[in-house]
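What follows is a pair of complexes built around chain A, which joins chain B in one and chain C in the other.
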Partner chain A sequence: MIQSTSIFSEWINQQIDSDSSFAFSETVRSPSLSKLAKGVFPTRKDEEWKYTPLNDLLTLRPVNYDLGEMDEESIQYLKQAMPESHTIVFVNGEYSDAFSDSPSAIEDQGLSITPLPELEGAALELAEETILNSTLTDDNIFQHIALGLTQNGLFIEVDKNIECQTPIHVLYVSTAHGMTGFTSPVNVIRVAGNSHLKVVEQYASIGEAAVITIPASYVHVEDGANLDYYKISLENAGTNHVCNTIVKVARTGSFKSHQYLLGSNLTRSNLEISFSGPSAEAVLRGVYLGDENQHLDVRTYLDHAHPHCSSDQHFRGILNGHSRGVFNGLVLVREHAQKTDAQQANKNLLLSRDARVDTKPQLEIFADDVKCAHGATVGELDSDALFYLQSRGIDKKEATLMLTRAFAAEVTQEIDIDSLQAYVQEKISASLDEIVIPSV
Partner chain B sequence: MLSIKNLQVSVEEKPILKGLNLEVKPGEIHAIMGPNGSGKSTLAHVLSGREGYQVDSGSASYKGLNLLEMAPEIRAREGMFLAFQYPIEIPGVNNTSFLKKALNEIRKHRGEEELDAIDFLSLIKKQMKLVEMKEELLKRPVNQGFSGGEKKRNEILQMAVLNPTLAILDETDSGLDIDALRIVAGGVNKLRSSDNSFVVITHYQRLLDYIVPDFVHVLSNGQIIKSGTKELALELEERGYDWLLEEAESKV
Partner chain C sequence: MIDKTNKTAPKNDENIAMSDEQQTIQNITDQDYKYGFVTDIEMEAFPKGLDENIVRMISAKKNEPEFMTEWRLKAYRYWRKQKEPKWPKLEYSEVDYEDLYYYAAPKKDGPKSLDEVDPELLKTFDKLGVPLEERELLAGVAVDAVIDSVSVATTFKDKLGELGIIFCPISEAIQDHPELVKKYLGTVVPYTDNFYATLNSAVFSDGSFVYIPPGVRCPMELSSYFRINASKTGQFERTLIVADKGSYVSYLEGCTAPMRDENQLHAAVVELIALDDAEIKYSTVQNWYAGNKEGVGGIFNFVTKRGLCGGSNSKISWTQVETGSAITWKYPSCILKGDNSVGEFYSVALTNNYQQADTGTKMIHQGKNTRSLIISKGISAGKSNNAYRGLVKVNSKAENARNYSQCDSLLIGDQCGAHTYPYLEIENPSAQVEHEATTSKVSEDQIFYLNQRGISTEDAVGMIVSGYAREVFQQLPMEFAVEAQALMSVSLEGSVG
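Now for the complex of A and B:
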């Protein structure tokens, strides 16, 4: 069980001992550091990690020196997903003054965006309190890496009764030119009562080298507030991306999450949501797209502890080559959570014989007056639909592409930022163009 | 146009078509009638290139080309069209962009310029009037959530837009009420010309009240057992199929 001797965990221990400037105070860091000191990484004997090996990640040794500059052109290219937004850019984990929109340019009153190192006083306390009030069910080491080692990230805070018009686009870029990079950004988002906010987190890499990205996000949606939270992960094929997102939604609050996991060697996304009051809702959407030996693991946990809350999940996987997908979704409906409405769907499309998916939707219900449903499918393209398209003059490759794009579009069409929807659909199409070969 | 000679086809080793002959010339409408299980839909599927059908012997040529060796999309690009008995729902594929793509593939094949969005839209709007289809159906995914009648109209709309030289209508009348039937048949009649041919596969005579065929063939047990003119269809309507089947058996 204990892999304390892995190259990566040795490196982590060295970081703990180094005198870098970390983002959080000892209150937040101490518990995480003591976990890290033990160096326990999960293995496939752990139920939670049964399908997801960490071998590739644990043999990496990141470097601490300059990983390369970011050029203007690449940034502009990445910004195109969200031309109308407040853009905040991090390059190799560092906040970039040059590429980010200045926080003072933000016109929405009551919205503040602060890089973690600049936090002080009450704001720092609030950010830390938000983290300390969020607990992971799966006490995995990765959130401790993020909390213990992070030097940067963002605190986004919205006051009560604010309708933020402009979405926030947070861009995490790694420049991976021949050396292994490491970033572990922490994002803390608080949306106060009756306010509305949209945040897009985008992860990208320039270059081909392996990168380790271990983000953690802590989100509080307060009474009657709304947060639309998008995550786009499109890092290079050497990347190992393990993220945790912990969300609390208060009375009549609404949290909508979209996750598009389109890159990396290994992606593991753990999303945990708990309702802290009645009549709250969570809507989760996602697409994971894999080729060659990519591994994509999506986990969701929905804790229905209060009555009249609803959750609606819809995740789709497209897997080609030898890629592997894992979906594991647990919905817990506690005894007092009457009138819960919980829906969960996971659909997977296997484009090759060697692709594989393990899907495990789970419901644990302790209340007796609830409406819950879950379902999972794994299949190939519908041969009747393929023939129908061919019979109208469209060749098999193009028909395959159209149907596969359509499979993803049933989720992506729900992205309600037009430029982002177009961007994600185009990225999915571009990936499919590369991987779909006519199976004649 | 279409020449089928002694076509023998089996599905999972079971013979379905047992020596079928059919000649269709430009401008002709042929009706193929027959009881359930006679091989009508198999004929439609084999002609359109669907997988799962084993051609054991015989030939089918279309415009002088060996039809049986052509991929389904090539048949379509060469001007063949199958109106499906059960049109397929394709979630996530927009009806308009699907049809535009199909038309442009066919135009490319013919060496014609592709239509841009504006030209295509004006074409499709014109053809929609032909089948009295609601415009909102264009914005929906292909056939998804369409009623039975709307699906069949969508087939005829596709046919009108793609303008085939040979159209095969596979039980297009099944599941249609009389109004829908009239609209669908009206669409077909407006597309009739001296260059275009139709093979209308149907179980019932009533479609032939609206689409008047030049020839009527009766398919039974994988063979055409009788051919005639439109009067044959009326006779079938009156007397059913049994007398013909008996007549055919007594000949054997």
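Now for the complex of A and C:
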């Protein structure tokens, strides 16, 4: 283990010493750099990483790559999820002027989208302040890799009382061939009082790119504001994806998150939400779909520190081959957070003999007048339901597909961008077509 | 004007309701431990602290055969290398393991009958309301009474002997039935298991041993009363129950402890082994001293309980009512190794004042068609913390495993905490595993409804809590159910009405 982490650590140290232009000032970077200097990676003895070994990831030696080749056709293909949106494209971690919609084309007044290298003055200060005001309970080294080493990313800011009609579609595409690339974009999103915004983050790869993606997102939803935040992870099997998302929701604010983790060799998504005022709301949805040796780990942490807030989580896992799914959710209801309504559900479907699920839905409650419930299930498809469909002349494979698609659709149907809903459902169906074998 | 008065009136009501509730909580908090007393019996104690010599002395004191001494020493050496676990959601001052007595026994050895039993001891039982004589008369209950570390009275032995049932202190079993002890001791909880179990393996003083021969249905509930008595004596009970093929036994364990200011350590180990078609039902009512209102004193209860459903169609059922102890760390578990075996866990854990409980179960499915059921009811009051921590693991070869878990929490007052940490590890697709948990409080509506039926608030809370925990109480044998109900009402007394 020491041997293997040293490869990655060594590489990190090279990055720190390189003369790249990093996105953030020393104020943000230095605490992270000092953490990086210690180079402590979580092991399976860390409760939050109990089910997720990092050995494979840590034996990789990433390289820096230049802006890869990218063609209009590929971009159009990736844009199909969100044909009507402001599209921002990052290719191999670099902001791409050519493929992105120009920020000046944005019609919504009061909405500004700035790539991190172009940030300066008050805007940079605001972005950094947002980061500094966010703390992670799972203070893992990956957050510090992102903050300390990132050269790119986005700052999205919405002024007060703005209803942003057009969703923002942020595309992170990897194109590198035959080498281990590395990106760590940082996204900072601020939605000011009573504004509404929809953001879709999509991670994709073209070709055989083997990439380590370590994004971090910092989100502030202010009083009465509304953010719908979608994340579609569809990278190829050579990719390792470890992301941290830290969200603060103020009084009467609403944060909705959808995560569709459909790709990568290793995916670890850590989503932490805290309420900074009463009557705020968080809705979390997600599907993780794994095959072969994929490892998918979802961690959620909901901190209810104020009264009358509600949170509702619903995650579903579909696991085939030798894949492993992990759900690790915690709802913390602090003293005085009375009238909290917290729901947490995790349902898992095992499609193969060798698939595995570890789920840990947790509640920590310190207030008495609350409504908290959680549930978790693991199982295979209902044999009665399969039989019913077969008795109607549907063959077993098709029946399996129908039921599995329906299992996922209970979550995906809540996506309220039509084109995106269709896209995600299609991607899930396509993956299932591939992995469900007739003998199942 | 009218509007205003209308608006203020309900507010006042609310205030009154609130203060009622606070009063209730206050009352719970103010309660003293009912069974607080110290039995004044001369104790024979070894020097404080632990080293190989003490382990050898304990073993020699009990005339143990060579293999036991060696086993204890192996455990002791292993324990020296271990660190106390820090992962439970518990906060307590560190235990100084060098400042404990590891052996204490009433000075008079081996009374042959009740007449020879120290009268002080009998008085203790009287105070507890469980005099041995009456126990003897209570049809179907044999008591293997343990005061501190040495069993002083065993009843109904002859009657059980006729059926071939062995029910005796484990120290006796080591001498009279070494082959059985050697075969089974440490097979479910090995001496390397965990910090506390390892310590127990090294220094265990006494406990119960039960062996039910093939095809025998034990005609009575076997029961053992434990008391922690000598000041600063770590209590290390070791219980081993073996149900041979096709047999059945129901075992009861219950405890009350004298009031004391010093924290007392209790690290017991219970091992259950059920062979083919055998069934073991193990019930516990635990009401050790929980510390005073400020959280000073009270028992530290670090217990390792595990059952092995070794044979096919075997069944192990744990039922526990936990109302005492300052710290409870306890996970009665089932290893479902035999095909078609069944594991059950029913628990009521009540914490009050500054009590802390981290308790739950582990269900390890290994055999085919294994089933497990978990019903856990946590009740937190005062400033206490009550956590359920459970594991359901389905191994890749455990076809058609089935588990259902329900873990409910009830909060009384806004200063306490209720936590649920379930772990589900599933490696077989044919498994069907469900976990559900809810958190609620005793609602004002419920209390109001009972109030308007003429039931005082205190009785109402008692009724609601009893109803809430009923699923678990129903699992207890009759004698225990009565005691458990009484304990619950004692614990809630003043809180409700």
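We adopt the following convention: the second predicted complex is superposed on the first by the 431 of 440 C-alpha atoms of A that agree within 3 Å, B and C clash if a C-alpha of one lies under 4 Å from a C-alpha of the other, contacts with A are read in each partner's own complex, and residues count from 1 in each chain.
In this section, a residue touches a chain if its C-beta (ideal position, glycine included) is under 8 Å from a C-beta of that chain, and two chains touch if they have at least 3 such contacts.
Just so we're clear, the structure is a prediction, and the values are computed from it rather than from any experiment.
Q: Looking at the overlay, what does A:376 touch: chain B (first), chain C (second), both, or neither?
A: second
Q: With the two complexes superposed on chain A, say which partner A:409 touches: chain B (first), chain C (second), both, or neither.
A: Only chain B is touched by A:409; chain C is not.
Q: One more residue to check, A:387. First (chain B), second (chain C), both or neither?
A: first
Q: Would you check which partner chain A:160 touches, where first means chain B only, second means chain C only, and both and neither mean what they say?
A: Touch status of A:160: no partner.
Q: Considering only the touch criterion stated at the top, classify A:395 as touching first (chain B), second (chain C), both, or neither.
A: first
Q: Decide which partner touches more residues of chain A, taking chain B and chain C as the two options.
A: Counting contacted residues of chain A, the larger count belongs to C.
Q: Given the complex with chain A, which residues does chain B contribute to the contact?
A: 48-51, 71-73, 75-77, 81-82, 84, 87-88, 90-93, 98-99, 101-103, 105-106, 109, 141-142, 158, 162
Q: Provide the residue numbers of chain C that touch chain A in the complex, in ascending order.
A: Result: residues 87, 394, 396, 409, 411-441 of chain C touch chain A.
Q: Would you mind writing out the residues of chain A in touch with chain C in their complex?
A: Going by the criterion above, the answer is residues 47, 51, 335-336, 338, 348, 350-380.
Q: If you look only at chain A, which of its residues touch chain B in the complex?
A: It is residues 382-385, 387-396, 398-399, 402-403, 405-410, 413 of chain A that touch chain B.
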